[in-house]
């Protein structure tokens, strides 16, 4: 079994061929998976939106607002909810990104944690904690204007996740940001046409 | 004629023994135990007993069934580990958690390395830190001193001065305002505050220190450097901004500084061998403690500081040697 | 298609670049290292025991590659197979070294050698030997503290609790000589494994004269010279009041064994002796 | 200040070995002696910094402009592999003593996750630029070194002790690594 | 504050039972066996043969090198044989065995008790005479004295230090010698000063011998250049390096000799022997030996002839007690356990210590708990726990790095260790191996 | 070589994790649950098999000097394929495995097998070796993941075994990974010795 020798020609040729083949197959693979990847991403966002909104038949993304995703959902032409993505940098280890759904009057419908790097078992509990109707944990159905949505340690009316006050603060901070965004932009009304959920979902 | 015994010199021994040292430390801890019973009552008793008994049991069981070596539980080191573990836990900790802590301390922290003398990290602190991270909720609920002396699990809970300080500062309050929310310095000195079983009463711990120094169980190097470093470091921070950083007295008298500096950093097995090494070790503990307390997520950093420095002990021992005889003159190496 | 094209081009370019750079650098910075060292090392048993006299297998491999004549080099652990394999790599020849095995030349069991003092120091023969000659009247014999056993990396030794003497497990012994070096009393010797692993040796190292030797230990060599006279092959020499059997000369006839009045001469792996039947045959061929 | 935070974070808080699980193989493999630990640290630092610089430019000059970021893995690893080999060949010739010291570690580095990991993570920094990436890489290398050298110190000491038979070798090393990681968790939250 | 050495040290119970006991002259035994290796260095060469008649003080074995010593007959009688006998080393070694007949001394020995104060010999002659008289260090190391007195070229000596510390517990030989032969020691000191060409001599005495300090200080006033230094009771104050450190605050560098710092140390017993050799022409064949122990009937100090069996001394002190577990030649810290009480006394025997069985056996060894007590007591600033471990695991290069060769084998570490670890046993083992390695390297 | 041995050695005798200590980063990094461990293990197996296959085919065509770069390109290609596929069809798993997917490239196990086995053996053996090694690796990761999951959060493959409050959080975090693996290896060594 004669091995190919390490001459310049051989070396270059080998690597060229290998990289070439690799490139070709990767390129095609990329083309192939491009669609599904996008779809998966979109599906995830949609799932989040659906989660934090009541039933709706049309969804529209407000592209006028910079730096965030802002969706209006309506049912039968009537605005039923607003979903807003918000990020707080105050997490225990990095940013916390959530999506909060508001009723048109500002009451919190539901939320979904999108991205975070909090400690498993501690900060990660926020995914359910603030939805659980136990003690003063839940923020669902609360209104940031009338309810003081900070942790009880800081004088608010929400129980922090045990042993994860920092994450809880950050989470509530993100809720606050979401609400402010809502406040600043809810007047941008009216919304219009029957854009379908599929179309409005992404850029 | 008698059969003569032959052995190399020396033919006499000081009579010092492992047991004497270990029980010496236990005796030195008695004032702190008394203080703990005084402040926390039943809970302190239960926690201490549970920890000591389970540590001794695990040591015995592991030696007997896993390592199949002769059991050496009578030397007192396992009991001491149990006692110190108990002193590092809130007095309303459920017993099953204490048992896990003891298993970790003895099983992972000590016996995995081959038992007494071989471990790299302080077993009691391994146990405590393991619990702290595993059960952050239970490990940070502190019974209030002097209240519900007969209650165990359902004692009223309060905060430790350190967590009050940490929380308060995080919320932008000032040190002077917060100092009013915690007991006075004298009360801190006598131990009237929330905290782990054995750490609260500085005065009792200092009595223990004096006892151990007199009996020559330990030397001054580690306790003094740890306490000194913390005092100096927090003193400097306090001078820089008295409203953002609490003063040295506050830091020395709260939390586990005294317990750690006197009883845990001094653990023979996990501290350096040379005096110079001990000084470096002590300074390291002091600095890390303050860094964690002031800048980190945890209100308290002594335990972490000690086990972090435990990790550096082999390096310290390798590079920092005791002063050698004739070294001064040996500048020109032959 | 665009992406695919870019992919191919950028990857290809990178690959080519890497190849070219690697080629030129390799050309410019060429260093020669004998690849045979690696090969030889691979052929060795990797026990790193030092039995060959070199600090570890790699050093031995280097020495083999460098040496012109490898006849004095031997890896006792691997034995002849390994050596010929290694030699084959180098295209050299080896003479098969005779297989050896360790023997303990002391039979001073508790029964044979009454204890007169009581040792209470650290468990180390070397330490004991710096103090005194031993617990018994014989200052040449084994201390029974097992330094040799600790030295053996091949589990070929153990201390016999009853006799207080080390025992060699023949099958495990690779004749590395670690025990020989470890024993402060030079009690252990590497001897040729005779045919069928048979051997005869004087199991005593006492250099005292007959009377004190016998007094100290009932199975001591008392240098009575009977064995020397009995040996038809002049394999036995007596020096310093001690008989020694040269294993090169010994033909395993076993004449000396019966001669020895103190049973100091041991035989190993012979079939049980039929009572009183003398075999004149010099070779114990069976 | 930002740089200080990067440094502290990389060395203590998010130590690459003890909390990010990168470069574990060399951490376990070449930590039996302090001297080899130091050698490995040197080699890793060297390659990590160079690799981070080169991959930074590849990312910014090739992958991003052409929109083929998905080739990150393959291009980076190709660069690292070639780089390591390059360094090895050159070192052998240029500085044999240094090669003696570092050489044996070099081939191990190709498959050291820490190098590729840091190269990729460096691009994830906020407002990343080349200086920041280099600082990032150096700090991670120091963090790697800190963990490795401390660990090898401990292992050297363990060598002189009588560890129970079942725990000897890898098991006890892993437990020590675990306890070290436990200790380092104390730094959590500093940045 | 009393002077003492700068690092480490311990304070074992002193137990000086034989203190104040007058030196008794031990009856001459029926037979003596005089080993030919009684000193550090090459064994001597016998110059008599079986059947020869010898007188007390007659040369019977000749020095065989620079570091070696003459041996003189301690008795008069007939050489019975030259054979291997068990000696204090625990091995059979060559010895000259003499059957005693009468007590006839060489004529040129001055047996009177008169004090001879003027030193007639020159420095060089003194050194030569010391050599001829077979004088070795009586402090325990038995190093030939004339070697120490011959200051090597290029070095200078500016102070003589007399080692009268007797820091070993139990032993009182030097103490008693000072009390009874103080004047002679003073003159011996002057002789040594003359030989070394120094003008200063310091006598270092531990503070647990106040009578000796007072006595010697008084005598010293009459002798120019001699001072007495009272030292803290701390073992190993008598170690040469420690003593120099304590008295003149100079530390001998690692691997160097006292002369490096301009000092020579001699034991008081040696000094007395020098006096007798120079002024009375009497070679070294007898010495003061303490026989002591907790349960011995009559702890005593004897003037005994070299070669006398240890059993004779024990008999004279009331016999071997029932509970004897160990017989030690020397003190409890550095002495050597004897494997038989029939071994002969040699020039280096400063004491015979009988230990009851109960304290003679060691406690079981436990793991090192890294208490660092051994480190803090080591007078040489070593790390005994580590030295033991590396010796046990045979990591010789590390042992050398950790300066195992600096260990003076004082035993403070083993004495202190709460885990009863045999530290010094293993350190000795390591020293042996490392010494071998180092020697093979220089070859 | 006996193909069954060749296949089975990866599970026990030469298990990458338990005895060879290869691929430790993913072993520790992504085993906070049994499912993640399994996913990672299978992804690695795929890469391992494919890489072994391709390398066994082209081994003789590659000059020595570019051997490593060439091998690594092959491996990286498959890794990227896995990465994209997973992103498209298993986005959740992709997210929780995070950085460790691209890092399969540098998993010493993959390159190690390529170097040590595939570059010396024929195609069939190489595939079987890859499969055995990969599945052994997956098995190890799953076991470790299961242990950590159950100790850390009282679940196994997401099924609750005991309430989460009784779980020891450490086992989900970095230190627990090391410790659990340490004792697992000690245990396996013991079993092996007795076997």
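In this document, chain identifiers A, B, C, D, E and F correspond to the written order of the chains, with residue numbering beginning at 1 in each.
The criterion applied here is as follows: a contact is a pair of C-beta atoms (placed from the backbone, for glycine too) under 8 Å apart; a residue touches a chain by one contact, two chains touch by 3 or more.
The model shown is predicted, which means the values in this text are computed figures rather than measured ones.
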What is the shortest path, in steps, from chain B to chain E when you may only step between chains that touch?
-> 1
Listed by label, which chains are in contact with chain D and with chain F?
-> A, B, C
Tell me, please, which chain's centre (mean of its C-alpha atoms) is farthest from the centre of chain C?
-> A
Farthest from chain F in C-alpha centre terms, which chain would that be?
-> E
Any idea whether A-F or B-C has more C-beta pairs in contact?
-> A-F
The distance between the C-alpha centres of chain C and chain D, rounded to whole Å, is 45
Chain B and chain D have mean C-alpha positions lying a whole-number Å distance apart equal to 33
Hey, how far is the Cα centre of chain D from the one of chain E, in Å?
-> 60
For chain E, jot down the residues that touch at least 2 other chains.
-> 90, 336-337, 339-340, 360-362, 367, 386, 422, 425, 428
Two or more partner chains touched - positions in chain B = 4-8, 108, 114, 117-118, 130, 133, 136-137, 297, 317
Touching at least 2 other chains, the residues of chain F are 65-66, 69, 73, 76-77, 80, 84, 167, 169-170, 173, 175, 179
Set of all touching chain pairs, with the criterion as stated earlier | A-B, A-C, A-D, A-F, B-C, B-D, B-E, B-F, C-D, C-E, C-F, D-E, D-F
Touch list for chain D against partner chain F, complex = 18-25, 27-29, 70-74, 77-78, 81-82, 84-85, 110-113, 115-117, 120-121, 166-167, 170-175, 177-179, 181-182, 185
Seen from chain E, its contact residues with chain C in the complex are 84, 86, 89-92, 336-337, 339-340, 360-362, 365, 422, 425-426, 428-429, 432
Which residues of chain C touch chain E in the complex?
-> 116-117, 120-122, 124, 126-127, 130-133, 139, 208
Chain B to chain E touching residues, read off their complex | 1-2, 4-14, 16-18, 20-21, 72, 75, 77, 114-118, 219, 268-275, 317, 321-330, 334
Which of the residues in chain F end up touching chain C in this complex?
-> 65-66, 69, 73
